[in-house]
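For reference, the structures are reproduced in the following blocks.
Both complexes below contain chain A, partnered by chain B and then by chain C.
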Partner chain A sequence: MAGRAAIVGVGQTYHRSKRPDVNQIEMINEAVRAALEDAQLTPKEIDCVLFGNMEQAEGSYLMDCWATEGTGAYLKEGCKVHTGGTTGASVAEAAAHHAASGLFDTVLAVTYEKQDETPAGMGPLALVQDYLWAIHTGAFGWFARMGRKYMLETGCQEEHAAITRLKSDRCACKNPHAHLRLNLTMQDVLNSRMLLYPLRLLYMCPTTAGACALVFASEERAPKITKKPVWVKDWETVHYEMVGYEAYFTSRMTSMETAANRIYHRNGITNVRRDIQCAEIYEPSTWSELQFSEWFHFCEKGEAWRMAEKGVSDLEGEFPINPSGGVVCTNPIGCTAMVRVAEAALQIRGDAGEHQVTRDVKRAVATGFGGSFWTEMLLLQRSWD
Partner chain B sequence: MNQRVAIVGVAQTRYQSSRDDARVFELTFEVVERLLDETGLSIWKDINAVVSSGDDYVDGKGISNDQITEVVGAQYRAEHKVAADGAFAVRYALLQVLSGHHDAVMVTAHCKESMIDQNLINNLAFDPLYQRYLGFDLVSAAALQAQRYMHKYGITPEQCAKVVVKSLKNAKNNPYAQVAQDITIEEVLRSPLLADPIRTLDCKPVSDGACALILASEQKAKRITDKPVWIKGIGSCYDAFYLGDRDLADCDSLVVAAQRAYKMAGINNPRNEIDVAEISGEFSYQELLWYEGLGLCGRGEGGKLIDQGVTKMGGELPVNPSGGLLSGCPHHVAGVARVAEVALQMRGEAGARQVPGAKTGLAHGITGPCGQLQCVIILGS
Partner chain C sequence: MTEKAEFMRLPATVNLEYKYSTGRYLGRFYKELRDNKRLVANKCGKCGRVLFPPRIACPDCMVRASDEWVEVGPQATLIFFYELQIPGLAERHAANYLGVLALDGTEAELSCFEHRLMVDDPGKLREGMRMEPVFNEEGRTGRIRDDILGFKPIEG
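Right, the complex of A and B next:
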């Protein structure tokens, strides 16, 4: 029988484009302290520390070893897990495995990215593609192309992307931890610089410095730590061949569909918007939020832009998507997917503050999206059953 | 442990100074294919997930595990990369089975050290504010540790050289070894000096290769093989990052990791209860220091242990019958290969390097300068 694990502590830094006031270790430590305070635990009560970031982003090798200064891993168990953009979700999954294994009562999962110390933000991403065969376009190329394809196939117009971007901004403005909190108008969005048609600057995720930490606990220990444990009911990782050629040439992202289908099937989720009350998805661009929503079956194919138009995905809507403001407002890469898990957990606890959604969230999904069009999905619940 | 988990199959490439005939995924494919052939398992039906060990820096590529997605059968499935020594990949795979989410997990590790300038990369492991500009790399950091260790406990260069002689001699029995020869203590001591007291032959050579193994739940393991090798205990531990914050002569994190593993395995006297050990010494002195951390002898007695021949083949507790890292085994692969070698010993399938009657074995992996992060795994037949 599968073991059970719960999230019992959530902490993150205030995400900003630059953090010249702290070094990497100090910034990591801010998130760790916040998570421990949230769980009301001392560092001594942590059994194991798992760590992740986008490996080459800060130019430091074996970053977990240096980070022991900030994570408190000294004389504790642990290691580093890295899977690119999905890292934050991978580390959360690893922590869930650890807490469910019966060997550990408490596990601290820590991820960060300090992109103001990255010599060239796109450098590591350019290195992702196959060095013999691939044509380098970087992330802009991928997402612009996917956005254009979406417009052509569904009839979505740019104003729908703009509506979605404004929704993200409204949410981010209510989330004190979010990076871009801009109070945008429709005009601001439609006038923002075009990077590569139809991808405008405001439709693309920013480069962010920030850290996130989660405390996981075993089934036995979790209820003793908090009255509001968030159970990690199920998770699924779906990898896919290098650089996701499929996404270039077809309008499907089968890794997302596969992950969602498996999670929904195993957990008896038949009507997604009824059975799940909120989603925090890794949307690297505003166009992606629309497309990914369809691939995760939050709506029918080609319907996501209509859903956005009707306000279904708003904070007060029937099915809130990214009430935190999402990735387009905050993107500390290796940490971004963990922020999704953290924010989903806060929604379930009812502790999201101003950006708490109107709907009562008993169950939420959080997803990660990685360099080679990989998907990770975690299903979080207020009660196990 | 709430349930028993076993190693049901292992495969290694031969370790070579350069495998310029193969890319990383081709190396991985070699071991995955052999593993599936030998166990008769279907990668689709029998394996649930994959844990790999690798690193973007060492592979020279962002998100480096995307190279192996197809060859490890991770198309539409889970593969997670542990960016640490392979022993930690084995550890994570074990936890994936213990959590009850998977009943068979494949572990792979690959590395082509010949592609990279290791000293340059290892320099990036030191903090960018104070230490990196001093020119530190793993060799110069190890030299500090060796100096401190030899000074504190009176360990001699000859005793360190004996480790090299033993390793390369043992390697003659290992068909996967890269360097295998009879050399003398004098030859080791005459080899070029890299960073006092570490000489060329005191270091593991540049090596390319891959290793893979499969872990399975008790129920599944018994269906797959009549010789499952059980994981009896496991422990890992981080030491402090700044070298100056540690007494480099006393490997505190190894002591803690070993005690965790021994406690889980019910081992009270490791020297008596362990029949064979495969440990990760990247430098000759480390093997002596790790003896002490593992509690195979008292503090400062590592030199005496090798002098007495306790750890040679035919000794009371043979260490590294395979020849260990000094006979050639790349980073990341090292830890998985240590586990694989001990598994072969437990199955009695280690050929000429078999320790007769070995029933309990120890595998050990390290990550970081001077062994900051340590992992100890106890296996039993």
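Right, the complex of A and C next:
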């Protein structure tokens, strides 16, 4: 891509389990207004609107059309991008493409999910399957297997998952936008209901209602809009074949390792924890945070649980992972990956508030995770060089 | 607005029926399953990969698959299993236990699939254990979910 793009506005709702006080379009509009206010832009100054949610999650197609009033897309260019769980990152990447292309000065990227209106796991997620082929139960099996395999291969005990979950909770309690802010104790975690050994209810992401919006601007426009543009230095999308049984095997290169290797190589990142200061990853379960951290090379293989034990991934730690509380605390599905990008951008700006990490974040990565183990990864920077 | 707002929630139900084409390759698999209780796969003419489920092109080579067919299974290795403790799941799948299985003659990482496990004593379930399919003996229609009722441990 010849041009450059930066994030110049960040907005999100206060994520909750239920939002009966607003309908979908009104909830979307909350995030859009927040992003426009953050960028100090009016709807007229937006050239293009990109939109996404988990297809069919709310039972309607063409939500980009229905939600025009909420997104502000009336008579503007734009389209819908949906890629399941990675949707939020896909929309962000598409918006960066549009802004960097030279065709648009400002691009608004909007995602949402209102899971209080859907039959959640039993509804839209039950549709994530190949009707022609075998039975498919998806996420629970994957993440349980991931946890079990991880324990067997690395010597990690359940208490390390609990330590990681408590870290997420401490972060979420400092983030007013987070959904689950529970002030948990070790006993709370270890006593939470076992869904599928070793996956407990508290290790699994919740069903959340929420929306997120980001404003992207071209290289020329970005510095005129804000003193703190967050540059989208690089991004990568990696798909996996068919239903993606990476959770069951390790001999094939995972989509996550592939994405990370490409991003690090292109950008001269040789020591990840030195060259990058913070990560917001899409961890659909606490077990995934441990496994994914290794696939993203945040530590050596088999070391993620030790990293958690030593507090390396804490807010005040050497390499903070998900200072927002992450996906186990907040999961408005189609919007979840965009929240990662938004939170990483806020860390770089120094605007995360109470959950701002101790370390000075000049560079951060944000990732998306989706069905069949798709991976998206964005590299964000305070300055381009 | 001094009056306290009432937040109403209006229900809706979506009930739709779809019809999916199997195509020539998956169709042959289902025909063999329905008529002969045989499990078959085709092969990539370039890399030799056994394509299971059978399909028209090799996803690695992106070339049209050969018309060489091989019989796979029916015995399989259990890769992973779990109990359906989440409310509603057991009813939906008509099983208390599901397993990820790899049929003999297929490459596990690329061809494993989920199916029901039929076990008298779930405590005996072990990863790596050998299993065999239980075919539906009456009114097979051509569908792996229905024509195979589930997989059971091989005795002995």
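Here is the rule we go by: the second predicted complex is superposed on the first by the 375 of 385 C-alpha atoms of A that agree within 3 Å, B and C clash if a C-alpha of one lies under 4 Å from a C-alpha of the other, contacts with A are read in each partner's own complex, and residues count from 1 in each chain.
The criterion applied here is as follows: a contact is a pair of C-beta atoms (placed from the backbone, for glycine too) under 8 Å apart; a residue touches a chain by one contact, two chains touch by 3 or more.
Please read all numbers here as calculations on a predicted model, not as lab measurements.
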After lining up the shared chain so the two structures overlap, which partner does A:G59 touch, if you call chain B first and chain C second: first, second, both or neither? both
Counting only touches as set out at the top, which of chain B and chain C does A:D21 meet: first, second, both, neither?
second
Task = Check whether A:P223 is in contact with chain B, with chain C, with both or with neither, and answer first, second, both or neither.
result = neither
Practice problem: Quick one: classify A:P176 as touching chain B (first), chain C (second), both or neither. | Solution: neither
| message | Tell me the contact category for A:G350 with respect to chain B and chain C: first, second, both or neither. | response | neither
Chain A contact check, chain B vs chain C, more residues touched by chain B
Who does A:S101 touch here: chain B (first), chain C (second), both, or neither?
first
Tell me the contact category for A:E93 with respect to chain B and chain C: first, second, both or neither.
first
Once the structures are superposed on A, label A:V238 by its partner contacts, choosing first (chain B), second (chain C), both or neither.
first
In chain A, both chain B and chain C touch residues 59, 126, 131, 241-242
In their shared complex, chain A is touched by residues of chain C numbered 5, 7, 9, 12, 14, 18, 20, 22, 26, 53, 59, 79-80, 82-86, 88-89, 92-93, 98, 100, 108-110, 112-116, 144-145
Within their complex, chain B touches chain A through residues 1-2, 49, 55-57, 60-63, 65-67, 69-70, 74-84, 88, 91-92, 95-96, 98-101, 121-122, 124-125, 127-129, 234-242, 252-253, 256, 260, 367-369, 372-373
Chain B partner, complex, touching residues on chain A are 1-3, 5, 23, 49, 54-56, 59-62, 64-66, 68-69, 73-85, 90, 93-94, 96-98, 100-103, 124-128, 130-131, 236-243, 254-255, 258, 370-372, 374
Seen from chain A, its contact residues with chain C in the complex are 20-21, 59, 117, 121-122, 126, 131-137, 140-141, 144-145, 194-196, 241-242, 245, 248-249, 251-252
